[in-house]
Every structure is written in structure tokens, then in C-alpha cells.
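What follows is a pair of complexes built around chain A, which joins chain B in one and chain C in the other.
Now for the complex of A and B:
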């Protein structure tokens, strides 16, 4: 057993001291973590290094330093390792002139399946694209293109599935369906690594996250535990209102409010008690006859969560 | 169709449990996909015009000459047709191959990079070599078909008209077929390899095709220039003519005159063209592997 939440007990994918740089730019810096059966969310703001890390996990690029092992082997050294691996890249990676069925069947053939059409039909049904299977991909919406990629990654029933922002462009119904599908695969013992820059999406899928910021491992483990670890860091809240200076002064009298900055009718607060602040703001607004236009925790955005994480280290 | 009223259907997950094949099947699939793309199959009509025009250009004359031979008993292909026998017909087909691969090679290689579909291959149990063989195999297969099939039409057609009878004529003329096959390798590699090489490094389809055609068609002018220069080693400059190396091999194999070809007129032996074509093929595969091993 290990106490490092970035590592799992029975890893299928192991990342050890991995760095990747492109010229002067360091995309991933000394990341050590592992992934096992179940679903792990790979979180990080845009440009954090998630895609670079995923491309190293799938052997598409080699680390500049460190080692990635997929089921105990270097993915590049043993090409048959890719039979156990499915990858949904962030980029288009689709032939627009093919139909979804032709494309997924082609992906199946490339993976060595001898009944590619049959396998393609199963995979397309899984992502609810059966009705559009014979339409050209060029005419698909972004969500349909995403689902086609997921079908192509699933078609050979891989043990490890790496998905780079798979929910991008999907509508809420399809997002719910895909999240449910990923959950089922994880429950069956598949290893799923799903990257996203949307915290809420990941929270719906899994509790275990690996968070990357500026190419570095920023947090790992259970989302709740990470949040608790962040409890000494104040939440940031944005309020838009009239009588901004009067309202700011009133808010500062509360012990729950650490600081307030005023910027053109916008108040930015730091508080340790988000729920309590809601009641406080409502009460003060009534008392001072202040019209609140907007009350929004800035922590909703992953970027701000990570700003806290990085700043708190 | 997805139901947008908000119902989420639980279709479960049924994994594929069928048989798994090796990489040969995958390479075959890549070749098949390459053939489809080079002929514009499953694409808009305007994408089909160019490749199928090339098919017509390569096949129609052979079919017409054989047809005329059947229809007009006095028609003698060697003397009455503007293309004579196999060696002469190869001259026409060679030009068609150049025009075809100028378009097909960039469409095969550059489109994959432009559309970001290399990830489709790199995340499968395939190596960079598999990808290269798949793509080069498709191009070589089409070029070989352009070369071989019209010659086969002539070979069988004229044998059918032979007074000795079909079987006897086929047997007696079989050395022609061997010569055609040897020459085919020289033309396919000699013209196909530079097209693949340009497409491996070029960023856009149009400029790649233009660059290839310019290199192929302008290089004889440089060879001619080197033939007329009188400095030490200038004769080696005549080897630059990429257009003429397959022609030299053809003339060598079919025992035709080489006198008008600069590299021969300055004293090089014809076998050197075969060696250069071989080196061009090996060098192209090596450079493609270098390029694609970074991405696949």
C-alpha cells in the first residue's frame, strides 16, 4: 500500500518522473502518477499539459524524461499494446468523406478485428449513432463527431480507454449518456482516463482526479479530500451591484469576509463561508436597499480553483 | 437520431468478442482506403474527374488499338499504331503515371496530416512502417496497374490475333511480359518515390504536386545543360534527370536506342539508372520512416 494519492495499488498505466518539453517550452514537468481500473479524471485548465500527458500515455509522443508504462511495457516498444488501448484524441481525427459506419469499421480493421462492420455497428449503437451510421461524417455536428470518435476508440473493446475532452460539443442528453457509458466501462474493470477542463463534468463521472497545472501535478486523489485540503484557502466571490462602496464597507464588517476589492460596480470578496455569505449578502442588500445584479462564486471556474491550489503550495 | 426531449436510453455496452487478426489485415485495409481515395471513390464528382481521366488516358489507346486490330485485319499494331509495341506504349503510360502520382501522393499523405487523422493510425497496433507500407503500397499498386493492365490488354489482344494461335503466341511472347514487368518496377519506383518524398515534407497538396511536376519535367533540361558544359565532373550532372532514368531502363530492357539521352551520351552505362532508381526508392522509404516515426 502507498499513501500517495497520485498512485493506485493495481496500476495499468504508470507515469514515473515524466517531463516533456518542446524546444524552450516545458509542457509537462516531472509528473508521477498512475491509473488503474475505474475512471480517473485528468483535470486542468486549457494549456495545462493534459493533452501532452495523454499523448505520452498512449505512446503518441515520447517523454523527454521519465517513463510511461502501459500494462508494464513501453507502449512504443510493444506495438501490440495498442490492442489494449483506445484513444479519443482532442483533434478532429476523422475522415469527413466516410460515413460513421465506414470510419468505425476502418478503425476496427486497423486494430485487427475480422468482423469490422459487426463491431462497428455495436460500437455505434453504444454511442447512439445507429440512426446516423450511414451519413457522411463531414455533415455531422461536433457532438456527433465526438461520439464517432468514442465509437472508434471503443470498437475493439480495449482494456484501457484514454479520452481527451470527450464531452466537448455534446448536448446535455448525450453528455449524460456518455458519462453513464464511461461509468459502466469503469465498473466493468476498464481503466478510463478522461481529461476535461470542466470540473463539474469530472465530478459527475468520478471522485478520483489528477489535476495538472502548468505541466505540474497540482493535486491528486478524491475531489472531496482535495477540497478539504483547500479549506484554509478562501473562496472568491464576485458581486455586481449598485452602491458598491457602501455595500463593500458593510460586508467588511462581517468576520466571514476576509477582503473586498471594488472595481467599477464589481466587488470581489474572499470568504471562508460561502453559504453564510449568501445569507449575509441578502440581508445586507435588503437593509441598505442595494440592488444585486450578480452573485457568483469565482471558484466555479477550474482556473480559479487551480490558482488557489498552486498559490497554496 | 438522438432524442432531444431529454430521455437517456440505456443501451448498455456490448463488447466485441470476435477474432483478432494481425497487422497484415490492417495494412491491407490501409491500401484499400488509399485506393479509394486516389480514385475519389465516396467523394464528390469533381474529385473523380482527374483520376478517372488518367485511367482513360492509360487504357483507351490500348483498347482502341486492340479493337482496331480485331476489326481491320490489315491493321498491324507495330507499324500502324502511333505507339507501336510495348516499349513505345510504356512512354505514354509513363507520362500518365507521373500525372497521376503528382496528385495521388499528396492526397494520400498530406491530407492525413492536414486533417489530423494520424492519431487514427498511431493509436492502433501499427508502426510507422506499417503506415508507410500502407500508403506507399496503395500508390505503387495503382501506378503498377496503370502500367501493367494496358500492356496486358495489348499482350493478350495481339496474341489472340496471332496466326500461331492464342496459347502459342502468349508463350512465344512471354519474354515481352517479363520485360514489361521489369520496366514497370523502374517506372513505379522512379516516378512514385519522388512524389512520396515531396509529399512527406510538403505542407499543402497543390504546392506538393507542382513541386513534383516541376522537378520531374525540368530536370532533363538541367541534364542537357550539364551535357554541354565542359568542366571536370560536369557529366555527373546529367544524372539529375529523374524523368529519364526509367526511360533508360526501358530502352535497355527493350534494346532501344539511347543516343538522345544525355547521361548515356556522356558515357554512363544504363544499369546506373537502375541503381539510381533503387537508391531513390530506399532513400525515400528511409526519409519517410524518419519523418513518420516522430508521429506514429
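Now for the complex of A and C:
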């Protein structure tokens, strides 16, 4: 059992000391992580190196240094290995003159399926595009184009799915549907690697994230654990109560509380010890007869964690 | 085989838009158009007889059609069959599949050939028919079509990799056609075997009646090449095999996205 949260026990995709540079520009620098069955969110601001890393996982680009192994072999070692892989790229990657059905059937044919049209129909039904299957892709909305790409990636039921911003351009209903679909596939034992900048969506999909900032691995593992590991960044907590000023003054006497601001019965405070703060607030509230309406950590969300990761560099 | 056919079919659909097809068809048919104007302009005059009509047709074949029109039409088509996949970001769709890279390369060159020959073949057929009417025999029709097919195939093999590797493939291809093929290789006969359109003309010269060979400006149109369809076909096939092997190596070893 390893203690490195970037590594999983049963990896299908292993990334070891991988760097990629384009001329003078370093896009990915010495990243080591692995992915196994289930869904892993790949996070990072624009230009962080997520797309470059995903392209290396698929074999589309080669690492300048280090190694990527997919099911124990280099992605480009044998072309037959691409049967295990489905890829949804961030960019368009569509043939606009084809209909959605032709496009997905083309993907099925190239993967060697015996009945590509039937497989295409099933994949299009999965992404709820059956009604538009015979329309040309050139006339599709962004959301429909995204779903067409997902259908083409799923058509051969690959073990590993690499999805680069698959929710881009989708409306809330489509998004919810795709998230549910990804969840189902992950539960069935497929390895899904999903990059997204929509943090709330990643939070809805998975707890396991890998964060890339400036081409480097910034954090990995469970979102809560990543936040707790950031011991140098104080927690922000919101407390709603009566007797706000009296309560704020009492809290400030504690060493665990760095600062308190009061705004209309709301106290916003910073602390280094979230657990200790809970006991402190309960004790002081009893002592001062203060009624606590709400006690909520404000920055344990993925968005806050991510903001810290990016801001800290 | 299903995958090979699928790649060819989608490539043709994707790269031969109606607008492009019409434009290239007009370009391809321009030799026939010019020859038709010549026929109309000289009808009933003493300046036109079978000999001059024949000489004019040969001049147009080796001075316009084979060495400019066929390469330019093929360049525009062939440079887009893989070049468009790269520009449109569809390379990942094609290459992340369990297909041998050599198969992809051969399918792409085949698609380029089929598309380009559809256009150059129609141009050659129209031109050949008019020449046949003007000189009273169609004995040059089949040699012209065969020569066009071989030239188109050889240029397709050259321009498919060029289109993938270079962003300004059309410009560089045109420079190659006009500067290298019609300038440098024309001045140095030993370089003729590296010139696809001269390979095509050598096939034509091998199949056509002797008077073609007697009239053709051999230094310019054939260089050091010996007339013969078999040899020309073999050269074109070697070019295709080399281009496919080169493209397959590129697809195996290079980054397929930036």
C-alpha cells in the first residue's frame, strides 16, 4: 500500500516522471501519478498542461522525458491497444460533412466492430442523440457536438476513457445526463479520466482529483484530504449568531482564531484548527448564551481548494 | 479492408466539397477548353490541318496539361487529405484506432489519387476526345488517360506527406511544380526520373503510336526517361510505397497534435 495520493493501487494508466516541452516552453514537468478503475478528475487552470498530459496518456503526443504506460505498455507500442481506449478531445475533432450516425459508425468501423451501424445507434441513444442521428454534424450546436464525440468514444465500450472538457458547451440537462453516464461507467469498472474547469461538476462526479498547475502536479487525492493537507492556509468559517460582537470578541481571545470580521450577524473567521474551533464555539456559545444559527466552513469546496493551489504558486 | 474503404470514403466526402470539385473541374477542363477555342478559331482556315492540330495537342499535353494542370489539381486535393485532418483536429479520431499506420497512409494516398483522378481524368478525357475529333483518330485517348493516371498517382504520393508536414503545402507544392519540375529538372535531363509528370509522359509515349514520340520535345518532356508504360507504372508504385512508408513512420514517431 503506498501513501502517495497521486498513485492508485490497481492502475490501468501509469505516468512516471513525465515531462513534455515544446521548444523552450515546458508544458508538463515531472508528473508522476496513476489512474485506476473509477473516475478521476483532472483539474487545472487554462494552460496548466492538462490537455498535454491527456494527449500523452492517449499516445497522441510522446513525452519528452518519463514514461506513460497504458495497461502496462506504451500507448503506441501496438495499435491493437487502441481498442481499450476512448478519447474525447477538447477541440472539435468532427467531420462536419457526416451525419452523427455516420460519424459514430465510422469510429466503430475503424475500431473493427462487426456491426458498426448497430453499435452507433446504441452509442447515440446513450448520449440521447437518436433524434438527430441523421443530421449533418456541421449544423449541430456545441452541446450536440460534444455528445457526438462522447458517443464516438464510447461506441466500442473501451476500458479506458479519456475525456478532455467533455461538458463544455452542454446545457444543464445534458450535463447532468453526461455526469450520470460517466458515473455509471465508473461504477462498472471503467477507468475514466475527466478534465474540466467546471469545478462544481467535477465535485459532483468524483472525490478523487489530480490538480495540475504550471505543468506540475499540485495536489492529488480526495478533495477534503487535499484541503486538510494545506496546513499553512487558515480555514475560513462562517458563523451566524445573535450577540455577534460579543461572541466575536470572545473568539478573538483564542489562539486558534487568527481574525474575525462581523457583518450583520455574520462572523467570518480564520482558524488553523477547524476541529478545535468547533469545540471552542460550542463552549463559548454555552458560556455566553449565544444562539448559533449556522456554522459552516467556507473553503472546503473544490473551488476554494483549487483557488489556493493556483494562488499559492 | 472495411477500415481501408471507410477511410477512403470519409476522406473523399470530407475533402471534395461541391465548390472545390467545380473549381478544380474547370481547371482540369481548361486544356480541353483552350483546345476547343483553337479548333473553333482555326476551323476552315489553311492554318489548320491534321498535322498542326496534332502538334498543337502535343504541345498542350506536355506544356500545359501534364506539367501544370495535373500537378496543381492533385496538389490541392492531396495536400488536404491529411493536412485537413491536422488542421481540423481530427487526427486523434483517426490515429487512436487499432489500424496499422501504413494502412492509414496508403488509404489516404489512395483517396487523394481517386479524387484527383476523378477530376484530372475527366479533363484528360474531354481533351482526348477533342484531339481525336481534330486529328481523326482516337489512338491517343487511352495513352493520355493512362499517362494522366500515372502522373496523378505519383503526385498524390508526393503531396499527401507534404500536406501533412507543412502548413504552407500548397505554396511550397506550387514552387516545386514551377521551379523544380519545370525549371531545374527541365534543364537537367538526368533529373527527369524524379519528375512525376515526365514519368506520366513516358507512359504515354510508350503506349501512343510512334508519331507522338517523334513530335514530343524529348529533352523537355522525357529527359533521360525511356518511353514505356510498365516502367512508368513501376516508378509510380515505388513512389507510392516510399511515400506510404514515410507517412507511416511519421505517424508512428512524431507527435500527432501540438
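Convention: the second predicted complex is superposed on the first by the 233 of 313 C-alpha atoms of A that agree within 3 Å, B and C clash if a C-alpha of one lies under 4 Å from a C-alpha of the other, contacts with A are read in each partner's own complex, and residues count from 1 in each chain.
To be clear about the criterion, a contact is a pair of C-beta atoms (placed from the backbone, for glycine too) under 8 Å apart; a residue touches a chain by one contact, two chains touch by 3 or more.
Computed from a predicted structure; not experimentally measured.
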Under the superposition described at the top, does placing chain B and chain C together on chain A give a clash or a fit? clash
Regarding the shared-chain residue A:58, is it in contact with chain B (first), chain C (second), both, or neither? both
Quick check for you: in the superposed arrangement, does A:80 touch first (chain B), second (chain C), both or neither? both
Tell me the contact category for A:22 with respect to chain B and chain C: first, second, both or neither. second
In the overlaid three-chain picture, which partner chain does A:135 touch, first (chain B) or second (chain C), both, or neither? neither
Determine, under the contact definition given at the top, whether A:243 touches first (chain B), second (chain C), both, or neither. neither
Which partner does A:118 contact after superposing on A: first (chain B), second (chain C), both, neither? first
Of the partners chain B and chain C, which touch A:204 in the superposed model: first, second, both, neither? neither
Which partner reaches more residues of chain A, chain B or chain C? B
Per the contact definition in the header, classify A:180: touching chain B only (first), chain C only (second), both, or neither. first
Part of chain B, among the options 2-10, 164-172 or 182-190, whose backbone runs into chain C after overlay: 182-190
Residues on chain A lying within both footprints (that of chain B and that of chain C): 58-60, 79-83, 85, 87, 89, 91-98, 106-107, 109-112, 152
Complex contacts: residues of chain C adjacent to chain A: 2-3, 6-7, 10, 13-14, 17, 88-101, 252-253, 255-258
In the complex, chain B residues that touch chain A: 1-4, 6-23, 25-26, 29-30, 33, 42-43, 115-117, 119-127, 295
Write out the stretch or stretches of chain A touching chain B in their complex. 58-60, 79-83, 85-87, 89, 91-98, 102, 106-115, 118-119, 122-123, 125-126, 128, 131-132, 152-157, 171-174, 176-177, 180-181, 184-185, 188
Chain A contacts chain C in the complex at 22, 55, 58-62, 76, 79-83, 85, 87, 89, 91-98, 106-107, 109-112, 152
